[in-house]
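Next come two complexes, and both contain chain A; in the first it sits with chain B, in the second with chain C.
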Partner chain A sequence: MEHGHEIGSHSLAHFAGLTFNMDTLIMTWITMAIVIVLAIAATRRMELRPRGWQNFLEIAVMYLLEQMETNMGSKGQKLAPLIITLFLFLVVGNELGLIPGFTSPTNDINTTLGLALMIIVIVHVLAIKNKGFTKYIKHYFEPYIPFVVINIIEEVAKPITLSFRLFGNILAGEILLLVLGMLVPYFVPTLWLAFSVFVGIVQAFIFTMLSISYLSNSMQDGH
Partner chain B sequence: MGKDKNTLLSAFNTAASIGFYLVSSVAAGILLGRFVDGYFSIAPWGTVWGIVLGMIAGMWSIYKKVAGGK
Partner chain C sequence: MVDFNGTLLAQIVNFLLLVAILTKFAYKPLMQILAERQKKIADAIDAAESERREAEQLKLEYKQQLVEARSKAQVIVENAEKLAEENKEEILKSARAESAYILQKAQEEVARERELALAQLRSEVVALSMAAATKIVTEKMDTELNARMVSDFIEKLDDQKIGGLPC
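And now, the complex of A and B:
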């Protein structure tokens, strides 16, 4: 099975003892380029009455800023660039796979797990920084000491939830698009394509919202 | 953006993630259980207890999400 469309398998490259999924890597670069171009296009000629890309980005940025304000308070503003970039990357990445010839970088578990681990590391670092090391350790033993095992499982589950939801939704969407295209061409795949656009945005939104909610827990001084 | 819309979106968010809390907690339990099995050579008890604790952890995180808001 080397020819034709294939989703879920990757062209591999080996370098310095590591294996790289080249298609994921290239699609990630393309996504990054699109995000950068989008950001530049939206901010180059800013107008008081936003039009075009500026309008689109302003809606997204304003909404995310509002969510951060509600969840984290004014302290959360520091994380705004991270959250907004994350959201834009995910939206563009999720929708990229719907264009024929491209695949989503997020249909690879390595990308989503990488993003999730990045968020979780920041969550723990911020928690130690804001609460202090003793309080950070103490919160694992709350409400009772035996809960330490459950709390640790919960922490391990966080990156799993974040990454597998996004990965599964995007991969399943692309596979179904391909299968429907073979079984019932034209009409049904078009409907599914439209739904996938929606799913891509919703999944990017859920990933970002969950990141905000995890981060907000670690931004609080006390627990 | 109205407050209602925010509440609606966060409710949507909660509903969309609750199922995953159960599954991923069990997955994390199995993962940790297998590690404990390998480390202390007590297979299969680590995995068994990992699954049980994972289920409890899933319930616990849903309880926290629903009751505590956080």
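And now, the complex of A and C:
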């Protein structure tokens, strides 16, 4: 990267009239590759008695499935691959930035907002499918008609808060890591690095849990 | 720092691609193994439950059998005691009877012996007195005495045996 450590800047590529952040895309593909390798490694020689990596993945998957079961009921099973993939992608992506020479794909607002918008689109599609279009529209005017403003703000705020929370945490973490590395080398950055591992998992978890929560709202039939 | 561009769309596509790949290669086998394990665990629990119930049943049966055996043993012991008591009575009775018989026999024997002894004694006395008498007679007998005795005898004959018959 010619830009050195200029934080938050991206090397750009133009294709079909659109601009792409190539470093984000490359990190995303690396993350995808890692996730695919891990998932396939965990499920390659599946055994009834779980061992090693399979055990870890199973714990994560079982936890997510349990959360989905309690929040969405049995209807949520169809979304399970999406949620599990989301969590794995975010965990791996968040932690990837902690390796020197790599950056997190989630330190780009395009990634986080992309994921958040995708979730929100699914939420609204499911809501219309579950409640019917008229009921879905009516939902915005409840309990009183003036509430439509608040409801719309809420709906708009959902993807924004979801994406900016993750983006801000990860980008700030990486910035702070670099800054601390320059100011007080070795010990303090190491501490921060350890904390960032934790933050990465927590942020992935929060993003996933909120997605489940939004999705479960749209799965409920009437209210 | 915050500028939106085509990356956003690319990321959505990337992510959906990842979802598709993972669903095909990881999610399905994982779900399969989870379902399999769940079934296995459920089966194991069911089996354990049924075995436990069976064991309980067996335990109950054994307990009942034990009670039965105990009562049976009690009956047997009681019977044996009763039998022993009866035997004892019988043995005592027969022993008593035998002893009575033996006593009676002994008494009879004693009586007979005594009679025999008496008879012997008597005959001995007779023989002795006869011997004495013979001795006396041989020593003291003379013609005069002999004659008197004969006459006495004849006289007595006249009085007692012949009576008043004319001869």
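The rule we apply is simple: the second predicted complex is superposed on the first by the 220 of 223 C-alpha atoms of A that agree within 3 Å, B and C clash if a C-alpha of one lies under 4 Å from a C-alpha of the other, contacts with A are read in each partner's own complex, and residues count from 1 in each chain.
Here is the rule we use: a contact is a pair of C-beta atoms (placed from the backbone, for glycine too) under 8 Å apart; a residue touches a chain by one contact, two chains touch by 3 or more.
From a predicted model like this one, the values you see are computed outputs, not experimental measurements.
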Partners on chain A (chain B, chain C) - clash or fit: fit
Centroid geometry (CA): angle chain B/chain A/chain C, rounded to a multiple of 10 degrees: 110
Touching partner for A:Val148 - first (chain B), second (chain C), both, neither: neither
Of chain C and chain B, partner touching more chain A residues: C
Touching partner for A:Gly114 - first (chain B), second (chain C), both, neither: second
Chain B versus chain C as contact partner of A:Asn217, first or second or both or neither: first
First, second, both or neither for A:Glu66, with chain B first and chain C second: first
Partner chain(s) touched by A:Ala194 [first = chain B, second = chain C, both, neither]: neither
Lowest inter-chain C-alpha distance for chain C and chain B in the superposed arrangement, angstrom: 15
Doubly contacted residues of chain A, that is, touched by chain B and again by chain C: 62
Of all residues in chain B, those that touch chain A in their complex: 1, 6, 9-10, 13, 16-17, 20-21, 23-25, 27-29, 31-32, 50, 53-54, 56-58, 60-61, 70
Chain C partner contacts - residues on chain A that touch it in the complex: 7-9, 12, 15-16, 18-21, 24-25, 28-29, 32, 35-36, 39-40, 42-43, 46-48, 57-58, 61-62, 80-82, 84-86, 88-89, 105, 108-111, 113-115, 117-118, 171
Partner chain A, residues of chain C touching it in the complex: 1-12, 14-19, 21-23, 25-27, 29-30, 32-34, 36-37, 40
Residues of chain A that touch chain B when the two form their complex: 62-63, 66-67, 70, 147, 149-154, 156-158, 160-161, 164-165, 202, 205-206, 209-210, 213, 216-217
